[in-house]
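Take a look at the structures below.
Each of the next two complexes has chain A plus one other chain: chain B in the first, chain C in the second.
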Partner chain A sequence: MQLGTMAWRTLMRNKRRSVITAFSVGFGVLLSVTFTASGDYAYTNMINTSAVMGLGHLSVEHPDFRDTPTLDKRLVDAEAVQQRVLQISGVTGALVRIMGQAMFASGAKSVGGAFIAIDPAQETPAHNIFLRTLIEGQCFSAGEDRGVVVGAKMAEKLNLRLGKKLIFTMTDKNGELVSELGRVSGIFRTGDDSVDGGVVLLPLDLVRKALGYEPTAASLVAIFLEDHRAAKTIQGDLAQLWSRSKEITVLTWQESQADLAGLIAVDQLFNYLLQFLVGLVIAAGIMNTLLMSVMERQREFGIMMALGMMPGQVVRLVLLESCWLGILGLALGVVITTPWFLYMTRIGLDFSGQIGTDYSAGGVLIDPVMKFRLYRESAMWIAWAVFFLTIVAAIFPAFKAGRMTPVENLKQG
Partner chain B sequence: MQIVFFALRNFNRARTRTWITVGAMAFACAIMIFYASLLEGWLAGMEKNAVGMDLGEFQIHGRGYRADPDLYKIITEEGGVLAQLDRQGFVAAPRLHASGLAAAGNASSGIELRGVDLVREGLVTALNQHVWQGQWLAENDQAGVVVGRKLARILGLAVGDEVVVVAQAADGSTANELFRVRGILKSVSEGVDRSGFLMTAATFRRLMIVPQGVQQIVVKRQVPSENLDQATSRLSRLLPNYEVRNWRQLQPVLARLFEMSDISLVIMLLITYAAVGILTLNALLMSVFERIPEFGVMKALGFSPWGLFAMIVVESMLQVTVAVVLAVAVGLPLSFYFSHHPIDFSGFVQSSSTIAGIAFDPKWYCVVTVNSVVLPILFLYLVAGLAILYPALKAAMLKPLAAIYHR
Partner chain C sequence: MNNTPLVQLENVSRIYQQGKLQVAAVTDFSLEVQCGEFSVLCGPSGSGKTTILNLIGALDEPSQGRVLLEGRDLAQLGRSDLARLRRDRIGFVFQSYNLNPVLTACENAEFVLALQNIPHAQRRQRVMAVLAEVGMAELAERRPDELSGGQQQRVAIARAIVSRPAIVLADEPTANVDSATAAAILELMERLNHEQGVTFLFSTHDQRVMDRAHRLIHLRDGRLERDEVRG
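What follows is the complex of A and B.
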């Protein structure tokens, strides 16, 4: 109690030095928030974008579908799975889909691509990026059983317009090639050429019939969550539901979209590493300040020890000074970070002039507007890191102060 | 001269403080040299995968092919074009392109058929050395094909497996043939990985009934130092009847990424060094305030304000220089070590991850360039120079009498 007050007074004796040091801690907080919050925002965005491109945050599928996604592997009663999943809290949507590869042809031209067969009555733009980015026409309606929605790039390649015929060829559940005819009802443009040139939405019922599937069968049920961080827990809950079935498995987005998960992991690693390095430099600054102040006060320590203060108490005093510096720095950090943080959460910085609107990583389009979002655990983590570094920086100066005997100290003055 | 002498002596006075400051600067600088080398290495890797494996430096197409690719928009007199390119100091390889459907077992997928000139392709790209499993194409194995990595997964193909190709041949008939997988490529780019289906040019011509002409010629400069834009316009003038594009035009997203990289390095430098700057500012402030009476005496003895200013600047520049020597001594060997021993991210990244459509190589090498060493050093001087302005000016403007009695 007394030591805490003493530590605070010592800091205030050299206000300029303390404030500059605290400012460097505050600056560290600003940097750390900038890196972490832009990461939290960008990763969340990428994960959610990736989810609405077909597989969801979680997908329930046949165990072999991930390794070789051929159309003979299916969930026979996908509709029942969907109904069960919808009862779980934290799930905002569950959609039955067939996903696979096909060749698309129009006139004399053909291109290969992927298709997603959807039930138009259930799909909404919130869970389907292609319906969100329609530039012409609309999604086929539930009754119109031969509508297709194609990407702008594919439309260009195959000379497709609204109402034009599109022939698609795929392998059915028995390995036979089957062809069907559709008519273009809508055209989307996500901005990513490889997606716009390679993805087609087809009506679920038409594809089921073409592939010879049972009326409730599908490749997968794509599950959408309120918060992607809950994926692991909900996966566990779901896996238990179907633990006895050999035909059903539940994958998180990390498993089904491993490319993306890997990129995020590497990016995160670099992000943390950089923050750690900046933290070390700041810690060196704190150490320097404390060391100076300890050296200056040797005589003072000598008197205090001569008056009965134990070496351990001197050590504690210096550590407490460091704590105060950390707290002061954290407070300063909050003050200088808040306006920046608010600006970045609401408006953000638009880099579309520099990186364009068609930059993708891990198969996902990257939002060119840099914005912030800070998870509570990230904020806690930053606070702890600041505290930890200030304490670590104080260890050497504190022991230097505590090690000397009163007589040596008094002579030093 | 005297100033340097004073500065040198002052360097050794508050040893712990000086060395902590120097140490922090050296540490930050060494890390930034390493970081910059890593960044250069990453860019070099991306360029190697994009340009050296797939795009080539330039591509030549028949007019209208790129906007609307089909089997008939061909470069008819490819022999003449190739000879012309050879004479003008370029290396070039012809490619044939068509799309079709591949089926194996219960799976099928749309594919991009590519006919490869085995002799010339190797001169322009290193795709032949980029085989993950099995072997590259061979002239004496007409039924052997090499496929992209994701395509192999989609179709469940392994080396030696059979695969059926169905496509529409140039004469309107249905091309239909059985092939055997001879090799599977390492990850190249989204397009090649997902739908690349490579065969020899002779097989392609027979299958698709394209007796002459090619859809694409990929070109490389013989002298890599030749300016890309100048070489592009030289090619355009040489071949006025065809479309000439360089890789920056073919992959604008990647080109932008490269342009951005220098900016992002400078931002990183400023951020890291801002922390160093505050540290330096604080250390110098402390050392100036401790010595106010001393400065007062110096001034009273005839030291000019500028002399004092210069002394403090020299003092800190001396510290920065020591830090730079240390940083180079640590950062450079570190970067060189990792330019031979890559950092392996295979544990994190599936080998088919792509950035801007180009494969991301999980083995990451450092590449030490002039930029990656000079920029971090230059910025350290700059930031330290800014940080000492205030303490140095403060010392220069002291009033001698007040300073001597300062406590």
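What follows is the complex of A and C.
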């Protein structure tokens, strides 16, 4: 007779109580999956949305560009960097871009804003949210050297329509003001007014020429990854690759978009705290059940000790009962969570009625449909956390069972 | 030849604290039990029989005096050593059987052997032989709630003797069974004592048990009243 089998049978002696306790563990799994999977989905969505707004999951740039983003700081051979990056596994795209500040003027008015100079031959909607959200016209083509794409809000402010002229003024690599003329080829609407009123897409070659850049120069190469969680690893690989160059640095999305990273970190912290508190409540329930079970069986423990069972074996027996309770709870948790998880993965809950479709946080648009996505490590983490809490909850009852002397136990019952 | 008594109690007292009161369960009690004895501690309720069995069985500690088993002073042993001693050298038979309800008769009987880490096949073989000895082989796979009181006590006896202990301590083993079953159980124990030399020490106030004992140790108010050895 193994202790594990004995523990299982003991647990099944009071089936109703064990199943009710296991259900509370299962409910803990449901709550934990809900918190974690909604977080995994929302954070991934925010990170990926943020990436396609310009900087990618990783950005290769001049080391001083982040702190003082003037246009004299550039990658002289950005195209070579791009080609090298594309050879790395896990990279789905690498795009050469120039990003900076400019003054935009039409015949009616002028406003300040940001520009992203792109190569239309390489950009795709998958890596560029502005191309994905075009509401009028289209992106300028490779041969169209004076096309510009503006946000709907800016078009409204400057009274722009398709084909209208837009003058943009910026500081070149030598610190001189330079101006160029473009014509509106497309208008986008992301839903975020600050973005729609402040961002303009410009042709890369035109901006290079205006800034006095070399033909392969750019301010950054935006890198897109299959999985944003690989950013740190790939950053390490790339940093090693260019360890000798003082002109190149690689930033992860956490470094280049510190506001977003901070927002996610704080939200995650509250999420974990909430889960911990829920876990504590459930653990208290498990402890209560096991304590009752131990108190009811004191005489039984006394008999086992009289027969030669070591105090440590008694402790182990109660801990094993708790292990079984944890396993049973996890299994029930999977059963009750699966339909909810599948619904939330496929359909989700639409909160657009409550928060609208243009809600943004950390400079990133938030998807109003709450959905689930659970990474394998998150699922493993939940399983271990639930199991760990179940064991922790059993420690006091187990030691109580093992601490008493046989004769004390035998006097009970 | 080793003449050390199997059990020695030297001027043993056991005092329990009950609130502010001190209650002496056993007072200045001395006893020696030799190998192969079939002895009975007898006396009315509260005379200290169970306390003495608990002290000999290393379940309780004396307030004064010494308890020695095979010459070893139990006070010198730690909790784990005492557990090992109970596992390897002492068998217990309790008044209300106290079989583990989640284990079958066979698993109950092999419990001590499992604690001794004896391989499964070997312990199964030994347990089946002992269950056959006590007439329970046919019911080996039944759980306690599927057995009568007498059958449960037989399994309890099997559990007590399967590890071949130096002594079996039986606390009122016939108290909860009918006369016929009590007689059968006593016969079984007598046979084990006679054929296998198992030492038994009972506590009882059942005249049927006393009638079969080779030695009657009479207790009153926690003290030795009379030690009567029969032929």
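Here is the rule we use: the second predicted complex is superposed on the first by the 411 of 413 C-alpha atoms of A that agree within 3 Å, B and C clash if a C-alpha of one lies under 4 Å from a C-alpha of the other, contacts with A are read in each partner's own complex, and residues count from 1 in each chain.
As a working rule, contacts are C-beta pairs under 8 Å (C-beta built on N, C-alpha and C of every residue); 3 or more make two chains touch, one makes a residue touch a chain.
Keep in mind that this is a model prediction, so the values were computed, not measured.
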*asked:* Which partner chains sit in contact with A:Arg299 here, chain B, chain C, both or neither? Use first/second/both/neither.
replied: second
*For A:Asp72, decide between first (touching chain B), second (touching chain C), both and neither.*
first
*chain A residues in contact: does chain B have more, or chain C?*
B
*What is the contact status of A:Thr10 with respect to chain B (first) and chain C (second): first, second, both, or neither?*
second
*Check the residue A:Pro406 against both partner chains and state whether it touches chain B (first), chain C (second), both, or neither.*
second
*Mind working out whether A:Ala80 is in touch with chain B, chain C, both or neither, as first, second, both or neither?*
neither
*Is A:Ala265 in contact with chain B, with chain C, with both, or with neither (first, second, both, neither)?*
first
*Name the contact category of A:Pro311: first (chain B only), second (chain C only), both, or neither.*
second
*Contact set on chain C toward chain A in their complex*: 54, 57, 59-60, 79-80, 83-84, 86-88, 92, 94, 98, 100-103, 107, 110-112, 114-116, 159
*Hey, which residues of chain A end up touching chain B in the complex?*
16-17, 20-21, 23-24, 27-28, 31, 67-72, 101-104, 108-113, 156-157, 159, 169-171, 173-175, 177, 193-194, 198, 258-260, 262-263, 265-266, 269, 274, 277-278, 280-282, 284-285, 287-289, 291-292, 295, 354-356, 358-363
*Quick one: which bits of chain B touch chain A in the complex? Just the residue numbers, please.*
16-17, 20-21, 23-24, 27-28, 31, 35, 67-70, 99-101, 103, 105-112, 153-156, 166-168, 172, 190-191, 194-195, 252-253, 256-257, 260, 263, 268, 271-272, 274-276, 278-279, 281-283, 285-286, 345, 348-350, 352-357, 360, 362
*asked:* Under the stated contact criterion, what part of chain A meets chain C in this complex?
replied: 1-2, 6, 9-10, 12-13, 299-300, 303-313, 405-407, 410
